[in-house]
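As structure tokens, here come the structures.
Presented sequentially are two complexes of subunit A, the first with subunit B as partner and the second with subunit C.
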Partner chain A sequence: MSSYFSVFRMRWKMELQYRGAVIGGVICQIFFGLILICLYRALYAGKPQTMPLDSVVTYVWLQQAFFRMLLSSDSELTDKIRTGAIAYDLCRPLHLYGYYYARIMAQKLLGSLLRAAPMLVFACLLPRGYGISAPVSVPAFLCAVLSLMSGLLCVCALENLTMGFTMRTLDARGMQALMNLLMMTLSGNVLPLTLFPDSWQRVITLLPYAQLLDSPIRLYTGRYAWTQASQIIFLQAVWLVILIALGLLLWRANQKRLVVQGG
Partner chain B sequence: MNTIKLYLHSMRMLLKSQLQYPASFIMQTLAQLVMEGGEFMAVILIVDRFDKLNQWMPGDLFFFFGIMSVTFYLTECFGRGVTGAFPGMVRTGQLDTLLIRPRGVLTQVLCSAIDPRRISCIAVGTAALVIGCQRSAVQWSLLKVLLLGESILCGTFLILGLFMIEAVFCIYSVKSVELVNALTYGGRSACEYPIDIFPRPLRFVFTVIAPFALVMHVPAAYILGKPLFGWPVWAAITTPAAGLVTFAVMYAVFCRAMRHYRSTGS
Partner chain C sequence: MAYIEANGLTKIFTVRKKREKGHLMREKQQITALDNVSFRVEEGELVGYIGPNGAGKSTTVKLLSGILTPSAGTACVNGLVPWENRKQHVRDIGVVFGQRSQLWWDVPIADSFALLRDIYRIPLSSYTRRLEELTDALQLESLLRTPLRQLSLGQRMRAELCGSLLHNPKLLFLDEPTIGLDAVSKLALRDFLRHENKENGTTILLTTHDMEDIAALCSRVMVLGHGKKLFDGALNDLLARYDTSRIVFVRYDGIVTLPSLPEQCTLEQDGDGYRIVYEPAQVPTSVLLSSLQAAGPIRELTAQAQSIDHLIAKMYREMDL
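Then we have the complex of A and B:
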């Protein structure tokens, strides 16, 4: 276990090296957030909805802040698969799945925390109607944090599953583009899931993509009562088990038939 | 004329080389289709929930989305050298080889890459345009057809010009600068919707700094029969030229920057 933790720590330190890139990214992300908020404000001016505007604005800010968690970003692994360097990793006395799980988690966690902190501070300073509103209650906030954490576990498992497919097809781009799209659309980044048609929402909120950011945000804004939190976290746990089990199976099968590229 | 011939020739050759891997090409084109389809779906869902946006009806919104989508992806398809490949050329020193050939640098950069996968995005944009026209019952006339063509053509120059800002930064700092994305991709996201729904500061950005509104929204609004800010016909005819102006300015800046180019030399 401690070795997986040190993989996590190493990756964490590496992410910290690129602080300069973070600033540009944050400003860009804030700009995108403001554009979306202006759009929703204009839409709401025409036809108010049952979901209050403040919740939509909060939804947009939280989505933008933790955007980094959604993007599949470990290009190093896809390169390794293509060049055959993955053979070295097979020599390590570690379980390959766990090794990459720890790496991806470090990357996503730190990548999003570094960006989320300044963005949320900025979003707090904005005037009412443009800025983020406070969580509905303290327990709701704690539940949201908790479900954000289990959402993170889910998204890492999901990404490892994609990587498992990449090992089969070798070309990551088609698969990754498809995955990113599903992620962006079904997790509420393109359009808040709360604004999808109500009948769609009933299905979409059960999918793993909605567990990543949508569920925590709904707890935060009080769309789900915090007393429901146990149900949500149970659903997340179920998906986590399913995704990890599928991933492990796929990776194990891959290791048996692995053809190393290159030479 | 010679330059255009050269460009067309390189495009043909690049296209041929890209089509050598049909399976990969088809898969990526499909992925692009799903991506742009997802964006379009967002607009459809918004229309479904909100019915209209100020004075703009669903058909109008589809039309605005379509014109942006077609223009942006036409640029990404045929201007791939500027919109995607340039930072890599600077980083690897590949740009040096362009300097010793008897052609302009920009011409060669444009001739160096094509991205035919974008064809599916352009198709989605075209579909949005057609649906938009039908639902808004646009009365077509020769002038309107010409306006649409002018708007798309000037739009591609505008977007090329904006991506050249990134190229100029890149010449000085080697690294690509993510911040410029706010103007290019940010402009695409924002100006899929008509400019008059945004508050003043954003309007300023997308009218004066990155004039998407002048190039696309003014003529599009005229075509839809709801002139933006009540501007007359001649405004719709002249404002798209702002795209050409942006390109010309950025071209001048680009040429100046190239004089400061120091190879990464590795």
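Then we have the complex of A and C:
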């Protein structure tokens, strides 16, 4: 386990090297957040929805703050596969799936925490109706954090699945574009899932994408009662097991038919 | 039992090719990268592995390091089948792929080394000792805190080598480790490898196109061509087979008429002198010398053996590679 933790720590260190990217990301995400909020305010001014505006605004801020968690972006890993540098990773006494999982997790966790902290501070300072609201209760907040963490585990498994496909197609772009599209839409980043028609929501909230950010945010805003948290985390755990199992199967199959690119 | 035993190793790749006409269809083609190759390497040997581009050298290294699975044949390294017991097998091997990097691009190389320490679970005390030994030999102390991206090619190569040896591997695969190194670094690297081999008993399989590396380091060479093993034995035996001609360079005082030479010699003008290539077995050197002297007063005469690169090129030509 300690080796995987070292990989995690190393990727974490590397992420700290890109401070400029963090500043850029924060500015970009704040901009997006403000635009979306103005949009929803305009929508609500015309036709109020069942969900209170405050909750939608909170939803938008949390989505923007943890945006980095959703976006698949470790281009170094996909480059390794494309150029064949993966050969080195294959001669380490580690399970390759775990090795990449740890790397992806470090990048997503630190990448989003570095961006989320200043953004959430900013969102707290905004006036009511524009800024983020406090969580409904302390237990709700704790449950939200817990489910955010298990959501993170799911999203890493999902991205590792993309890596597995990249080993077959060699080019990650198609798979990543598809994954990002599904992710952004079905995780509530484009439009809060709470604003989808109820009949749609019943299906969408069961999909793995909704486990990443939508469930934790609903716990935070009180849309799900915190007493329901165990059910939510159970659903996340089921998806986690399914995604990791699929990933491991795919990776094992890959290892048998592996060809190292570039001589 | 030998340290490495390979029996009938075969690797077939399927390559997809675009047809010249018709852009939609692709043709599949089977390429045999390695064709029924067998060999044994004893513990502590330093073996050179040579062959023209695309001969299957790297494929062999990848099979023996457990990265690829062969299409047919078996191999056993220290009692383990590399591709079946990959995790256990790789603990004891080190690999350097000359054209790839194992160190992290944006972080200081010392951090990459520390990660390798954790991955191989090297105890801290032996790690510190080993790192000191390696940084000394490879002159890396001053570079340890520099991110990899700021190192020159040669510095990077030395760092890569250090990374591959931290865990004290019993077997070292070097796939073109001297690519892009300057003369000083090359010599230092050779000394270092010789030392590793002698002092630590590390078995080394060295793949390279630099024949000087082979001549300086390896007593035994294996030649691979078109995926087949063509030669396995002492370098001197290999060279003796092809090292049949000699070169003489001669310069005369003043202008002379072209020396008339026995017809088995080839003569060409080189600057203000002549270069003669001949085979002592056909034309005795004394005969050549007297006919050279007959042409006029000789100011300067140098004799040289064919360069090792020429010999290898000749060998590849004769083996039809």
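Here is the rule we go by: the second predicted complex is superposed on the first by the 263 of 263 C-alpha atoms of A that agree within 3 Å, B and C clash if a C-alpha of one lies under 4 Å from a C-alpha of the other, contacts with A are read in each partner's own complex, and residues count from 1 in each chain.
Convention: a contact is a pair of C-beta atoms (placed from the backbone, for glycine too) under 8 Å apart; a residue touches a chain by one contact, two chains touch by 3 or more.
Bear in mind the structure is a predicted one, so any value in this text is a computation, not a measurement.
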Fit-or-clash call for subunit B and subunit C when the two complexes are aligned on subunit A: fit
Touched partner set for A:Ile27, first subunit B, second subunit C, both or neither: first
Angle at the Cα centre of subunit A, taken between the Cα centres of subunit B and subunit C once the superposition is applied, in steps of 10 degrees: 90
Partner chain in contact with A:Leu125 - subunit B first, subunit C second, else both or neither: neither
First, second, both or neither for A:Ala245, with subunit B first and subunit C second: neither
Touching partner for A:Leu191 - first (subunit B), second (subunit C), both, neither: first
Touching partner for A:Val145 - first (subunit B), second (subunit C), both, neither: neither
Touched partner set for A:Gly46, first subunit B, second subunit C, both or neither: first
Contacts of A:Ser3 with subunit B and subunit C, given as first, second, both or neither: second
Closest approach of subunit C to subunit B (Cα atoms, Å): 7
Residue ranges of subunit C in contact with subunit A within the complex: 13, 58, 62, 65-69, 86-88, 90-91, 93, 95, 97, 99-102, 104-107, 111-112, 114-115, 118-121
Residues of subunit A defined as touching subunit C within the complex: 2-3, 5-7, 10, 13-14, 17-18, 76, 83-85, 87-88, 90-95, 256, 258-260, 262-263
For the subunit B and subunit A complex, residues of the former touching the latter: 24, 27-28, 30-32, 34-35, 38-39, 41-42, 45-46, 48-54, 177-179, 181-182, 186, 189-190, 193, 197-199, 202
Residues of subunit A that touch subunit B when the two form their complex: 21, 24-25, 27-28, 31-32, 34-36, 38-39, 42-43, 45-47, 49, 171, 173-174, 177-178, 181, 184-185, 190-191, 195-197
